[in-house]
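Labels run A, B and C following the written order; every chain starts at residue 1.
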């Protein structure tokens, strides 16, 4: 069976399981959905209120701020949809000694991580409102773009998600060396991404702006791709900046994770906690 | 000491969380400067006041959020073992939270306060009286926050929800409802005026307004006392009723 | 993923082979004192623990081997190395002719691992859904899956709760479901790390019977670790005992008894509530006129003991049997501890 076919089979499997869970335990699904929505839109609401009060933020009009917020919401939704079950919070799996469950499977580790977190139904609670918000923002902006623009939008959303996931993996890999201390480091890094990604970076000191496009790449989760998509960055190559960043961060994350995995193979895990394992 | 030992157990990685919080504060301060460019004051608050409000909000973020380790205790099932200790359950969680807040204050908040001049923020309270009233208001905020935390736990048990659902929902909206992130005076459409009456406002908005010298301290603290008087009986009654379910809930 | 080749990759009848395997861990030391907390951040103190020292172990195909030792002896470390989850510091590991680490994916399609304190099941789904998950992820051919599913449902008695959510199962049911899940891909070798932990007597017996049947009928090689010696003695013909990372004994249970202590129990019913004094035997219990003694058959003969007792009291009834294996092992562990202190 070729890799793509296998991936599709696995995604179909996890989609089935997600649907079963949603229909079997609807109360929990509803409460998780409400909680996810609050979590992902709570921060955005603050920004929307500020944009309304101040008539925009810096060079961003209210409608442009709305687009920025919707973009970050959609990215968050894509993460929820593809990176559930602590795939995005990889430090928990590593720190709790749950990586052994993946090592016991007769498939590549990347394949397990690329598929196990697929929750199209539970993840819909975030992505659907995000998509609706984006549709509203596009209509307010009066954007009349062709398929090329939508293709660029999809590419940049995917790239932003890769940047976010890579960031999680880079920080989360610290759990290989310090499983107890770093078990929840992805909670901290996720909070950073979620809280800061809807902010425009204009007005920041160059050093801080550079940090937010480098060491802590929140700039690629909203600000940079939205500037490119809305024509606020006139350079023709601007549309490729975030995808390029995704390649870079992806490579770094892969290298760090592999190094950590080699270390894990030598030391194993002296602790095991079942919290969050397949629940 | 147990908090310090637990946090530093595996090395200095806990410092990364502090780094992330510092970056968030720096970004928030920059956002305010961008928003206030060309404006003297908005909602009666000049930029300097808003910057102070934001910084002090981060310095005292933890006691103003009111989270204890209760959700963890439910999640990992250790809640039952706590009944075996010769100490009230509320007292245990409050003591542990206090320990953690103290350690975080020493390791993060105090250095952040010291960095205020470097960040271009005036960290001093509006007046010595404001400082004294702030401390009183902060104590009330902690009292209200603990009550809210215990009620959240009771809701999780009563509705048979995962404690994490209630916890993260609170975190998601708490920042906005408490006024910790955005002062109520800066919200449009009168939203801030309406939110000033919600219980979460007693956690952050009240003490922070007192600190920066905005708002009537007497009225703000009276509202805090009223919320404490209302919420604590609810919290205690809820726990009495759910005690038995609580023992079999976790683990 | 192509169906994993089931052809024999081994050149011999050896299913598991460990040669000169060493494994050392570093464990951070903390005193809890405030000064040490700060100092520990700058210069942490570590203790080196040799979990495995020069382990040589061979297990033939179709064998059941018990792997025992006190807590911290290195049992779980051995299982993790043999199942490919841990890399040894030195030495070679070959299982079914494969390197469990380098050939992990192919190896995992032929091996099964059950850790007593961990589950592979999906807690919020039914057993059926978990099994279906395994079928897809392991890419088990439909014919084999149906055959093994029918087998585990029948022999392990899983049918009664097959469509129940895992979270609602009792511990015994969950353990059975876990064991069944580990077998769906028809492994050639099975690692069981404390599989009967927390099970009641009936559930334990049922699991042992199943494992024995599995070995007998399907020639599955089994390496099982447990603290329940009676369980291991019932199941396995060979026991490997590990102590402080080294193999301290490798042979049949009978030989273990003979080498370390042939502990016996002597129970006599007499006409007197006063227990007779028997040199070479220790009085362990006295209830009315029934007296029970423990002795080492290598040091004191039964005939001499009975003659000595008959000189003191009238013997009404006599019973003798071997000490439970748990007592034998406990004595061994005590002896090891004493030797370590010297």
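The definition used in the following text is that contacts are C-beta pairs under 8 Å (C-beta built on N, C-alpha and C of every residue); 3 or more make two chains touch, one makes a residue touch a chain.
On a predicted model such as this, the values are computed, not experimentally measured, just so you know.
Novice: Per-chain Cα mean versus the mean over all protein Cα atoms: which chain has them closest together?
Specialist: A
Novice: Please name the chain that ends up farthest from chain A once chain centres are defined by their CA atoms averaged.
Specialist: So the farthest one, by centre of C-alpha atoms, is C.
Novice: Counting only Cα atoms for the centres, state how far chain A is from chain B in Å.
Specialist: About 27 Å, centre to centre.
Novice: Report, in whole Å, the distance between the mean C-alpha point of chain A and the mean C-alpha point of chain C.
Specialist: 44
Novice: Once you find the CA centre of chain B and the CA centre of chain C, what distance in Å lies between them?
Specialist: 50
Novice: Would you pick out the residues of chain B that each touch at least 2 other chains?
Specialist: Counting only residues that touch two or more other chains, chain B contributes 8-11.
Novice: Which parts of chain A, given as residue numbers and ranges, touch two or more other chains?
Specialist: Expected reply: no residues.
Novice: Quick one: which bits of chain C touch chain A in the complex? Just the residue numbers, please.
Specialist: Per the stated touch rule, the residues are 1-2, 4, 25-27, 77, 80, 83-87, 89, 101, 104-109, 113, 117-125, 129, 132-133, 136-139, 165.
Novice: Contact residues on chain A for chain B in the complex?
Specialist: 28, 31-32, 34-35, 38-40, 42-43, 45-46, 49-50, 52-54, 57-58, 171, 174, 178-182, 185, 188-189, 191-192, 195-196, 199-200, 202-205, 208, 211-212, 216, 273, 275
Novice: Along chain A, where are the residues that touch chain C in the complex?
Specialist: These residues of chain A touch chain C: 1, 6, 9-10, 13, 17, 20-21, 24-25, 100-101, 103-108, 112, 265-268, 270, 272, 274, 277-279.
Novice: Quick one: which bits of chain B touch chain A in the complex? Just the residue numbers, please.
Specialist: By the definition above, chain B touches chain A via 7-11, 13-14, 16-17, 20, 23-24, 26-27, 30-31, 33-35, 37, 42, 75-76, 159, 161-162, 165-166, 168-169, 171-173, 175-176, 181-182, 186-189, 191.
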